[in-house]
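Chain naming follows the written order as A, B and C, and within any one chain the residues start at number 1.
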Amino acid sequence: MSVDVDKAIAEIRAKVDGLPGAENKLTMIVFSGDLDKQLAAMIIATGAAAMGMKVVLFFTFWGTAALRAPLKKIGGKTFMGKMFGMMLPKGRNKLKLSQMHMAGMGTAMLKGLMQKKNVASLDQLFDVAGQLAVKIYICEMSMDLMGFKRDEMIDYPELEVCGVATMLAHAKESSVQFFI
Amino acid sequence: MSVDVDKAIAEIRAKVDGLPGAENKLTMIVFSGDLDKQLAAMIIATGAAAMGMKVVLFFTFWGTAALRAPLKKIGGKTFMGKMFGMMLPKGRNKLKLSQMHMAGMGTAMLKGLMQKKNVASLDQLFDVAGQLAVKIYICEMSMDLMGFKRDEMIDYPELEVCGVATMLAHAKESSVQFFI
Amino acid sequence: MSVDVDKAIAEIRAKVDGLPGAENKLTMIVFSGDLDKQLAAMIIATGAAAMGMKVVLFFTFWGTAALRAPLKKIGGKTFMGKMFGMMLPKGRNKLKLSQMHMAGMGTAMLKGLMQKKNVASLDQLFDVAGQLAVKIYICEMSMDLMGFKRDEMIDYPELEVCGVATMLAHAKESSVQFFI
């Protein structure tokens, strides 16, 4: 009998180890480039990291613009790349609210309130995220489409360009996933 | 041998019990204050509860406005709190569609259609949710930012104010999570 | 002792098999009818299917309009059904960007860029999805509300109308879920 028991235990053990979602990990797709949604994403990300979860963010589409460094200038862009570069917000401090932006007044009001109430700004949240080893991926296809170059992105400890497969490989191991 | 087998079984059992996402539970972040998305959230929530899942909702940012009680009047607000109070919808019956609102016509049209087709309204969905013990949390930071007070929120059997950590603790135990 | 060990193993095995989220499967709610979000959904869906995951999509609300076949004409609609039919995009090639649509210019620009960069169009993504056996459900309640009929929807290998309970049953078995 002992052989059967050992075999059964090994089987179950392998199954448990290989279970999707078995890691204490959060994978988040940050699709939106709205200030409010980026704030939500970074508050969730830093909160999860502070609780000891591994955190992986995948910035894609409009979200990628939040990762642009405001002062880095990049040459060698195509005409379309320059167009997109001008039309999209240059970094996280240029993002707008999805609602009540009101020609900048609503966005400024929220930022003022956040400061007064000691709510962390996006700048501070990215700093904390870096310190807590939150991993940030940028979607390769989005960068290619919008003509963004790796060199115009922010300096961040764990920043990498990748495709959708890498994101999915993280997501399926994660106990929590969100699309924002 | 028997000692090893017992130990191995206990180990696997503990691992299975402690697996993230191992509970038949749904955690949903309700970020949006759009009528269509609030409807989607409440239809999913009540549907899941009716299927026997535990359901936890975390209302944050624009979503919190849907939890305001239309008739409760609250004093002692700051100037900014009064401003936000006036600009944000006062309760779930003041929400607008994210698209095709068309100065109220689209929203009214949808509400009329829902009534005609016997689709539950937000009022009815919140009632059902309460009966099915759907737990509702309101994001503390959002309330603080928008100057909302606990006393101006709806009467609901299971309503509590909490931070992002409480939401994440629920999410990681849950088999399903959505950000809406 | 052998009886206890066998019983314990059977118990753990049953528990592991019955764990929510234990399947290598992705369930996605496609709520948005924006071109950018539909692209994101289909890129994730086909990417996951190519990695060997089972993929289930649940198109609801604005998302359902993307499944309309542009050339199919359907009679017997109510007045409201005709209204919605006219106001909502007739199929995936009529969708607009959520931002920078700019009276069609931004949307056309993105489509042109996608072609130039060899990024798959929505047409191609739906083809690939069909080949990779991505299952598509349409939300029954949304179709009913908007007056859409099953016959005006696209020809797709695995297309079925269902309610929220079917979607949730898939979601809770899935290792990954997103609401887009």
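Throughout what follows, a contact is a pair of C-beta atoms (placed from the backbone, for glycine too) under 8 Å apart; a residue touches a chain by one contact, two chains touch by 3 or more.
Note that the coordinates shown come from a computational prediction; the quantities given were computed from them, not determined experimentally.
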Classification of the chain B:chain C interface as same or different, half of numbers criterion: different
Fitting chain A to chain B on CA atoms, where both chains share a sequence, rotation angle to nearest 5 degrees: 120
Centre-to-centre distance between chain C and chain B (centres being mean Cα positions), rounded to whole Å: 23
Chain B residues counted as touching two or more neighbouring chains: 5, 9, 12, 16, 19, 21, 177-179
Residues of chain B defined as touching chain C within the complex: 2, 5-6, 9, 12-13, 16, 19, 21-24, 26, 36-37, 40, 43-44, 47-48, 50-51, 53, 98-100, 109-110, 113-114, 117, 119, 175-180
Touching residues on chain C, where the partner in the complex is chain B: 1, 5, 8-9, 12, 15-16, 19-21, 29, 31, 33, 60-62, 80, 83, 87, 141, 144-145, 163-165, 168-169, 171-172, 174, 177-179
